[in-house]
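Each of the two complexes below includes chain A, the first together with chain B, the second together with chain C.
Presenting the complex of A and B:
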């Protein structure tokens, strides 16, 4: 809050009538810094990516020959890209569902009015404070075939000497598990806020009416937090489509390209194989997917977000 | 009965908290153990010390990486605070032609994934001679549509009367912004600043492709560098560097938790 004392009125101040500002103080100057950055580092590269996707490019990345939709035809007839796309969708589905379910469970447990709830809330939110790179190192350690506790545990359960990260299914599960862990803190914090805004009276009445806590969850909690749930699902889906760090660190896209998800493939094709035309076409496919998801989110949450 | 139920709830909470925190707790524990014990599987060893941290600081560039991250994240934080505040001010308080169109042009960038812009951005930064330098790592991120949007939403809640009052006492636009709007929306500003710092401390893809030397390499990419070095199979030291890298953001999150809960929720649900 601003107290009027802080904005002390100078003794000589005279009330000025609403004045017209000269042109150089117009909104233009307020917007200019952001507009310059966005033009150079967002609009221009986006246009260039579309442009490059229509050209065959040479090794320096310069457009060499117009090929129209040729690059798109190439990637969609490339089994490797198709595999990448399919596995990306599988990953996105498992990751998003996993994150939401885990966060719901954590938030439901942490809203109980008990002593020490604050400690548990911090514990559950903690993964949000761990970067994807650091989290990847923690999980690499767990998955390591000789020292990793997960590998050791699997061995004791009778699975023998398994190297999770060199097995296609194992690597996929490893990436999903670690990604769910990384995403749970953010989702938990959001859901916690939403759950706490549900009036306690509703639960009190439901308890009086003899509703089970399962029924209370489905009939009261879920409907009340559905806007947050929807927001989270979209955010998780968008984030999952862009998954990069844990792939680069944990699996490198392998084994046999199983975890070579689309964002990672764009990077590989552009910076390892120097195939800018193909990489740009793949990037545009990624953009379309993300744009559709974001558009759905805007449409749905518009009412909630615009206070005006 | 009620007592039993409460006990069950606590047991469940503790079990699940342990499970969720297991990767982190194990990482911290391993960072305190000698690598010989880790390799031998002696996790119940009590030979704990800070030796791995000393070794990490003395034999790896992790401190330099952290310094780079601090510089980069702070520069971006200040840049965004200035650039986003100015733009948000215009959208919230000024009337001008094409306002809705320009606002839409800002918003639409939220739909465009950065991953699809890295190739031309890499070429731009290379052409500017900014590869492997602080400007190349920071200036492209000096504004964000999300930041402008978040601040505009907060600015719109500043009562009209305050604007009229500031006009009455003859405050200029920048004075109104710095003396009234920013203090009034303090909680959103703090959320925004913490969020920006966290996001860019944790950035990975852009520094991965634009840094080639330790001189400007930030922590997240530094972790990859350390982990991929052939001679580096010293688990104790690897875990110590990872813990050092995640500690600052973990602390920010724990201290600023309430801001994140409030600020992030503004986008999802209005209570």
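Presenting the complex of A and C:
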């Protein structure tokens, strides 16, 4: 038999603690590059936004006069601000629900054991690799009143000549559709991974016990993927609140500000009207709304989430 | 419920998984499917459950053909290796989960859950979540879910593989007792031959997608029909030697040398025709001594002594042939040389054809074996 040598432990394998550098010294150097980048591009702008929101600013964007909460009073008495708030809330609700439902459906289809499922997996996930700008251009073509596939399709269905992007409701639907399409790839990929990690045994037991596939989905699949669903809802809602590119490229906030969302209004006030103080105050309001929305989700939705 | 499998085959694409499986499992039998990984035993279980379809062949429950019946219409219960307990449901809810098909009243369901939990000694833990239980307790819950259905047929797919050795031994006994009490037909899949031997009333040994042999544990042990069953059943496994039989001289030539460097011979006890064979000898039939006592003893060098306390498994070697002697006593761990005495009874020498691996038996071998203590 092999006998274990129990005395062969080297006596001085590690240097004594006194000779080592303090742990934080090397940690500091490793963290420094990202600290610099974060400071320049995130922390400093954050602080400056709060600062600017309390000032009237001149055309160069520099703080000119302290106005306290004056900017906030101004934006909350601006009907356009409320309109963009309402638009944003409608969009966030439709977009995040739409993205998650579509992604769930696609992920469920892609886990079916059929020939060619691999192709669809790649196809469904591929919207993740398309930039919002490129995707917006693509959708502008689709909605084009004379050559767009969607417009032609609607005409064939008997809706006549519709210019979706100049119709108030149509423009909102167009923005929502294109955003759902853009967001579905990321959500799909996450849900696919979650679905594939649900053990087949659960479904075997369920089918022996006579559970319908609908019941299996609600009682097994949804609870098992609930951590992923919760993560996606939080991320999608935050992302939807910040939607900008599609608006800027597809509708420009129009027609008649029906697709003007807060993030877009911040941009307009800051760079079109050169009113940095007002824009900063709006940005702060948006941040607070996102924070509250996220807090509500953690407070009320997370309780239904099952973590393994 | 009696189960009949007729000419079951299964292919996954071009890959064969099962080849012509025909078997009858009796009502109330504890029937074990045993074989190495990939032998197809779990596939048989899943086909019986209806979770996957067979490529061809039929399944009968009693005399009813169920080949195409949906899983829920087969009225059976199944226990999985990973227990398949839903993590967000309590123990009681997990057991109730299996009762859905039976359309019981809530009161009846509660009674079934309580009874099942009592049978597996977990009544106190009904409201716990699976992750708050130990592996053994989770395994009991999985068993409770199966017995709560009161199905006449219960399938178990390696239910004890995830437990540690001691717990596994305990659960083996409990499952056997549970089967005695409930008398359902139980089909049990395992890769562990010890589990098969200790639990099964009858065992089907599978290898290479085919049935190798079906029989009681002792039939398999004493009369292996081929070299695979001979080496698969029994631990430590049967020693195999390539030997030459001389029927006229009544000798077996071993692939070893005696003390004078000549080929080692042992007497041939029964009527086997001359030729080359695989000779199988159980390790416990190989006797080991420090001094030579007979002209047929073979000198060996001791390679390794595994002391179990009550017995020793001694690995020995002669002419590059290494084999195991399982002796029922403590063997000196520092011994370098010893002498092996091979058995002379026909029942202890298992001959297999070198090409097919099939057993070559003599009348004397059959007659010489008694099942257990005669």
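Miscellaneous remarks
To be clear about the criterion, the second predicted complex is superposed on the first by the 266 of 308 C-alpha atoms of A that agree within 3 Å, B and C clash if a C-alpha of one lies under 4 Å from a C-alpha of the other, contacts with A are read in each partner's own complex, and residues count from 1 in each chain.
One rule holds in what follows: a contact is a pair of C-beta atoms (placed from the backbone, for glycine too) under 8 Å apart; a residue touches a chain by one contact, two chains touch by 3 or more.
The model shown is predicted, which means the values in this text are computed figures rather than measured ones.
With the two structures aligned on chain A, chain B fits next to chain C without clashing. The partner that reaches more residues of chain A, of the two candidates chain B and chain C, is B. In the superposition on chain A, contact of A:34 is made with chain B only, not with chain C. By the touch criterion defined above, A:223 lies against chain C but remains apart from chain B after alignment on the C-alpha atoms of chain A.
Using the contact criterion defined above for the overlaid structures, shared-chain residue A:59 touches neither chain B nor chain C, since it reaches no partner. Distance between chain B and chain C in the overlay is 9 Å (nearest C-alpha pair, rounded to whole angstrom). Taken together, the two structures place residues 1, 308 of chain A in contact with chain B in one case and with chain C in the other. Per the touch definition, chain B reaches chain A in the complex via residues 6, 9-10, 12-13, 16-17, 20-21, 23-24, 26-27, 30, 38-39, 41, 43, 82-84, 86-87, 89-90, 94-96, 99, 102, 105-107, 109-113, 115-124, 139-143, 145, 148, 153, 156-157, 162, 166-171, 173, 179-180, 183-184, 198, 201-202, 204-205, 208-209, 219-221, 223-224, 227, 235, 238-239, 242-243, 245-246, 249-254, 257, 260-262, 264-271.
Across the interface of their complex, chain A is touched by residues 46, 49, 51, 70-72, 74, 76-78, 80, 82-84, 86-88, 97-101, 145, 149, 304-307, 333 of chain C.
Those residues of chain A whose C-beta lies close enough to touch chain B in the complex are 1-2, 6-7, 9-10, 13-16, 18, 21, 25-28, 30-31, 33-35, 37-38, 40-46, 48-49, 52, 61, 105-106, 109-110, 112, 114, 120-142, 146-147, 149, 152, 181, 184-186, 189-190, 192-194, 197, 225, 227-228, 231-232, 241-242, 244-245, 248-249, 263, 266-267, 270-271, 276, 279-280, 283-284, 286-287, 290-291, 294-295, 298, 301, 304-305, 307-308. Partner chain C is touched in their complex by these residues of chain A: 1, 199, 201-202, 204-211, 220, 223-224, 306, 308.
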